[in-house]
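Shared between the two complexes below is chain A, which has chain B as its partner in the first and chain C in the second.
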Partner chain A sequence: MRPLDEQETTAVFEKLHKFVGSNLKHLIERPAVEGATAGSAPLRYCFRLHKNRVFYASEALVKKATNISREKLVGVGTCIGKFTKSGKFHLLASSLDLLASHAKSKIWLKPSSEMSFLYGNHVLKSGLARITDNVQQNQGVVIFSMADIPLGFGVAAKSTQECRKLDPTAIAAYHQSDVGEYLRMEDDL
Partner chain B sequence: MHLPYLCVCMCFHLSIFLIYSGSEEEFDVERKARALDIEKAQQEEEAEAELQMNIQERHDDFMLPTPEELEESSQKPPNLPAIFQRIKDIVRVLSDFKALRQEGVPRKDYVTQLAQDLSTYFGYNDFFVEMILQMFPAAEALEFFEANETPRPVVLRTNTLKARRRDLAGVLINRGVNLDPLGKWSKVCSSVQTACSSTICSSNTRTFVKVGLVVYESQVPVGATPEYMAGHYMLQSASSFLPVMALAPQEKETVVDIAAAPGGKTTYLAALMKNTGIIFANEFKEKRMKSLSANLHRMGVTNTIVCNYDGRELPKVLGTNRVDRVLLDAPCSGTGVVSKDQSVKVSKSDVDIQNCATLQKELILAAIDMVDAFSKTGGYIVYSTCSITVAENEAVIDYALRKRNVKVVPCGLEFGRPGFIRFREKRFHTSLAETRRFYPHAHNLDGFFVAKLKKLNNDKALASDKGNSEDVDSVITIEPSLPELNTASNSPTDEKSVQELEDMIKSPSENVSTKKKKFFRKDLKNLPSKEEISKLREDKREALRKESKRKLSSDFTSSHVEAINAGEAKKKKHKKE
Partner chain C sequence: MASGKRKRKSHPAAPLLPADVGDDDIEISDEDVSFVAKNFQYAGFLSSLDTHSITKQILGINSNKKMADNLELYYEKRAKFASKGKEVLDTDSAIVSDVLPVKSLSGELQYRKFNTSSATEKEEAHSGLKEQKPLVELKKPSALDDHQMKSDLTHGQGDNVTVASLGHKKLSKLELRKERKKAKKETQALSKGDTQVNKSSSHLLALEQLEQDLSEEKRIEEIKAQMAELGTAVLADPENNLDSLTELQGLCSYRDSHVSSMAMLSLLAIYRDIVPGYRIRLPTEKELEMKVSKEVKQLRDFESKLLKCYQRYIQFLVKSTKSGSLSKAATRCITGLLEAIPHFNFRDSLLSATVPMMNSADSDCRKLSCNAIQSLFLNEGKHGGSATVEAVEMIAELVKTENCMLRPDVIEVLLSLAFDEDLNRHSEQAQEGGQDRRVEKLQKKHVEKRKKAKHELAAQLREEVVTDFREASAMPDAAELHKLQTQTLTAVFETYFRILKASINSPDSSLGSSSASFRAKLVEYGPRPMLGPCLNGLAKFSHLVSVEFMGDLLSLLKRLAGGEIKGGTPLSFRDRLHCCVVAFKIVRNNLEALNIDLRDFFVALYNLILCHKTSRDDSDGLVLAEGLQVMLWETRQHDMQRVAAFIKRLAAKSLHLGPGEAISALVTIQHLLQRYKRCQILLENEDGGSAAGHLCDMQEEEGADPDLSGALSSVLWELSLLSRHYHPAVSRLATQISSIATSNEAVKATLNPTEAILLYSSNNGGFNPSVQLPKKKVKRRFYPAYSVKEVDVHESIRECSEMEARQMFRSHFQVLRDIKENEALRKQLNKIIYTLNLFKAKKMPKHRKNRSPMLL
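Our next item is the complex of A and B:
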């Protein structure tokens, strides 16, 4: 487990910025609750790289995890994504909680198309219930159900204005990851 | 019933009529009426007698099948209803053996036949059936086997990090799931939630009530709803709640879960700790790591470090005397969860149980070593298994008590049966009554065992070696004091000769007697023989009798003796101070 180097940090932050925008600062500088013993100063969160996966955990947790040997350590805190063999960074479904709480652009789905999205399909205009204003094209969006349960995230196909003029069968948002992957692709997470 | 009455009426009327007609006819009809009455009464008597005889016959009717009958039935495919009837009959006979037994047939034959029939009817191997018959009376054993044929109810646990039970119940009901809040399980396992009064429940069971939901039936798959995928609940068996409730981790503590996969208990720990503190989730099998990680992420747990060690190595990695609490849900033979996995019926043998027990003993020592006895909020270990064998449960806890400075404390679960203190030839520490056993037929939970230990001291060596010798080998510790007693009553000059005599008598055990009082368990091999022990006891009694006689003779009243004793006690106290 090691801290991220320059390139890796840029890649991760770029991806995160797509979804959370200026909230990124808040994400990094949150006071951490985990690992703190009663009465000590609040800690920070940090990113660590382990076997091509990026973990987001509080510093206390990371410190305790240094005892564990590299082969035996499986995870620390939350895994937010992984680096592919060619060096690109992809966010995983397990980062959803983090993204959802700091997201800038959100999409709400109608109940009828929840299941379709959870199977991995893209979001069609007919399934779109609400969308935040001023979403640009190709901006990262977090997708919620009408009960405000985060279902996944993706990329907006069109900006908000254009979305209003779309046909019902046109794609409004491309699917990147969803919560159904815990059942469909448990091994890949 | 009406007939005699009618007869009487009729003859009354007739007689009245006949009084006017003539005396001869009156007698005639009367006689006929009486004859009818007598006949009626006789019939009734016979019917009664027959009924009695039938009942008696049914009681005496059950005979054990003869070897020829058994031969015959083994040729044909087994007649299951007949076998079940025979099982019930034998259970009935065994429940009132004196009255219902067949003459000349020993109890052992009944039990053997019962074991055979149970094995054939339910499909267990002989080892399993024998083990159950040793643990339970025949009727309860039958209930146990029957309970294992049906699955326990599906239970889900609300993830308090993300949802509240009431809201979740509402959402799921809207989706078409038929569920109820999980209350304290009543014996009859009714679906009605029993009210949980604060005087009865400890705070642990109150959280139990607040997160559990029982699912009776569902139109949608409960394990694939959007709420499940968003991590609002976890499908678990109700018995899996128990060890976590017993452990009761506090916020900001460091907790280790030695056998964490697939993560139901770990996520419950995190929920109770509200994502504060640190949890080390360890799992030995690499193949199960994926499901553990996935569940942790799904349920939104952020305070966990996941690692893949053998639990026995963990103290080396995480350090000894560091952690606040440890949960050890040990790998076991699974004899309590037959309803989930029917293959356990035939695959377990004595060797399997012993292997499991050895591993569990090593793991529990590792668990105890990791805990900091002087932690401000903790110092507890919870050991649980999903097995009902004594070798994997009470024996392991007893081993831990002997090897480390721990004690058994109440788990906080007020339902469930206390663990065994003695079982067949084994004797366990009395505090094991605080452990809890759960059975499918009694509590409608999977067979389970939970024990909570508190670590007293951070030393590995037992501080209570003296204590051990006093408890176990009190006989031997008499020896050094005996010469003192004798010398007190005899004159000082005889001291040496008396001691020599005693030494001669006790020569084989002399090494043990003249050694220091501290004993280790290994020295149990050098115990004196039974005759020597009884001789020593007799000598001691003689000496005590002489003492008391001497005291009584010197002082006249018993109250005076008491006063002296009280005075001696006071002196001793002063001496101590």
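Our next item is the complex of A and C:
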């Protein structure tokens, strides 16, 4: 387990920025409740790389985790993504809560198309119940059910303006990850 | 009547004056000079004669002098005039009386034969009319006439005026002088005393003045009568009496603004009635060459004449809108014409005069022209809609050239535009139709050649039928109408866009110094005078915004709502909130396109709630209530975080608001809590908050984003404070809300925010509805009317009626009066007793027996 180097940090932050935009600041400066002592400055959350996976954990937790040897340590805090063999960074479904609470652009799905999305399909225009105004093309979007439960995230295929004129069968957002993966790809996570 | 009179005259008819006379030809004879010298003391007034006013009055027309010379006659005539009324306008007699005999070189008087052609007679009559001297034309009885003529003769010989040819003006002056003398003599003769010469001359001057005043008044009266006559003549038979229009037109440029505005207004009334119900198209040269029937020719003549008169009238009006004194009347006429006959020719010049007037500094003109344009918009049937397009485009142009610094009235007018509800749908249909036609074409290609000819024939027939039908039906063509409306709509939205953009680019930076002075005039409307009405208009026509525009429009509104202004004064709270509301209305009215979550506007509203300051007038509060209603109450889907954030902020803010606004905020909170059950965690007072909020639990005071406020993990402690609010309705509602989670029965919220603020607003003073005081335990028995149960001042005043009050006062003052009276009586009694005692004391030593029993 080690802190991210510069290149890795850039890759992670760029990816996160696609979804949370300027809220990235809040993500990093978030004060940690855990291990905070009265009077001293609050502890922060930090990113750690372990076995090609990037974890988001409070500093107190990280300190405690150093007690466990590298081979034995499975994870610490929240796993938000992993680096591929070629050095690219991918967000994983476990980062969904973090993204959902800070997301800039959102898409709400109609109940009828929720299942389809959870099986790993793209979001079609017909399944689109609501979309945040001013979504740009290729921006990261977090996908919610109508009851405001985050289902997954993806990339907007079209901007909001274009979505208005879109064909019902056209793709509105590309699927990247969804909570269905906890079942489908249990071993990989 | 005139001819009869002429016959009765004993002498030949007076000759007509020569038409043109040069000034140089006047000679004053020696006799004349000597006459003046001899009677010098009488002629003193000549030097002090106000020639200017006399000439002005007489102005080249000799008809008036008689009236000037013998005053008795004049007053007699006046009496007669009053009794005769308007008949005096008889023109024929005018010439006869006023022309003097001509004296030949040998000294003999020559009377010209009355043999002028009717043409000159008419001309003279004309000028007589124009100059309004009908008084003189009044015909004196022949006896008087004779007398006058005789005196003319006698004096004429003495005077020896050699008249070869006389100038109009000079003539009148000279004659006037002569007649003054005559008048003098006559008055002398009549008074039969030569003693009061001086007196009579001063008398004369006074009379002259009086006469002048009278004649001015009189003239106006007569002009009025004349205008009435001309008007009725035109209205009775427009085809033949168009000349009267020219005369009235002439009166428009009369020097007295009162008269000329009356003339303008009467012309307005006339044109309104005689203008035909169609637009006149003058025949082309080719058409003129063609031979036409008599009636057609007559009609054409009439039309072209009418058009010419009308054009002159309009030109005059447009010109006089710029002159100070007439501008109001001219505006009234222009707007009146625009309202009454918008279909007629020269509409564009009317419009181009009216549209800039909507920005006039004069509120009357502004109102008039705005009303006219509005009536254009409302009564499109009168002109088939084309005038609407022209007007709207002109307004758009005006806004463009003036850089959006205009009075708001200009834009408010657009609110009264009416569009077909299915304007957009219509275009879709048209497109579909186009597709159909294309399909048809494709199909046609496949049809065999043999059938082709047959098809073509059928198509031709169909087309003919369609055109015939279109002509036959009086209804305006739907496609045409649609085209016009689209054009109008484009201009309207163009204007709105321009205003929005100008509001973002602050006026200070974009404009030169030239408009600085004008901006100073608009200070009363705030730094962005047109934004308010523009937003109103957008809200009204929000359903017509086309999808292509919507993105741009929303992004503009977003920048305005977020207060992103480039320099200059920041947008007011109201305008920003208004932007949010308008954006929501636009999106809601175009729901079928896509359901969009207007996140940025929620952010703006979230921050604006904090900016709100309770003010004395309700306007800000009303806008806030409207915003709450449109954005939170009516829209359906929100995410929990946002709802919780708004609930929290509204509760916090309502601690600082007046009762009306607080209630509207609380009503919104109640509504949201009932609809989003998950948000009811806010009401539970367990520590730690919920799981949903733990990822971003930064409670920022100025938190920009409701989604990040972490409100879900907070507690709605404000409600317990609010339940101790001084206003009973607020505290009741707060308690009700805090028990939503525990109480089983679902309390239906009956009010929406705007209703609530109107119902509970305390702006007029006093609680609304009034508060019930707790009943007092000790009841006063003496004044049952004063046992007040209601605190409301108005109520209590109303309750203890006037009668009761009067009674109370009466009894009170009765007691006072009694006390005073009592005091006075006592004093008197004391006095008496004292004097009695004195008296006794005095009497006692003298031992007198007879006492007066009473002293008083």
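Keep this in mind: the second predicted complex is superposed on the first by the 182 of 189 C-alpha atoms of A that agree within 3 Å, B and C clash if a C-alpha of one lies under 4 Å from a C-alpha of the other, contacts with A are read in each partner's own complex, and residues count from 1 in each chain.
Keep this in mind: a contact is a pair of C-beta atoms (placed from the backbone, for glycine too) under 8 Å apart; a residue touches a chain by one contact, two chains touch by 3 or more.
Being a predicted model, the structure only gives us computed values, none of them experimental.
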Contacts of A:Thr9 with chain B and chain C, given as first, second, both or neither: neither
First, second, both or neither for A:Ser116, with chain B first and chain C second: neither
Touching partner for A:Asp97 - first (chain B), second (chain C), both, neither: both
Which partner, chain B or chain C, touches more chain A residues: B
Touching partner for A:Arg130 - first (chain B), second (chain C), both, neither: second
Which superposed partner A:Lys72 touches (first chain B, second chain C, both, neither): first
Those residues of chain A which chain B touches in one complex and chain C touches in the other: 97
Complex interface listing, chain A residues touching chain C: 23, 26, 30-31, 97-98, 101-104, 106, 108, 128-134, 144, 146, 148, 160-161, 163-165
In the complex with chain A, residue positions of chain B that touch it: 171, 223-224, 226-227, 229-232, 252, 254, 275-278, 280, 289-294, 296-298, 300, 302-309, 317-319
Chain A-touching residues of chain C, taken from the complex the two chains share: 547, 550-551, 554-555, 558, 593-601, 637, 639-641, 695-696, 698, 705, 707-708
Complex contact set, residues of chain A against chain B: 33-38, 57-58, 60-61, 64-65, 67-69, 71-79, 93-94, 97, 114-115, 118, 145, 147, 149-151, 179-180, 182-183, 186-187, 189
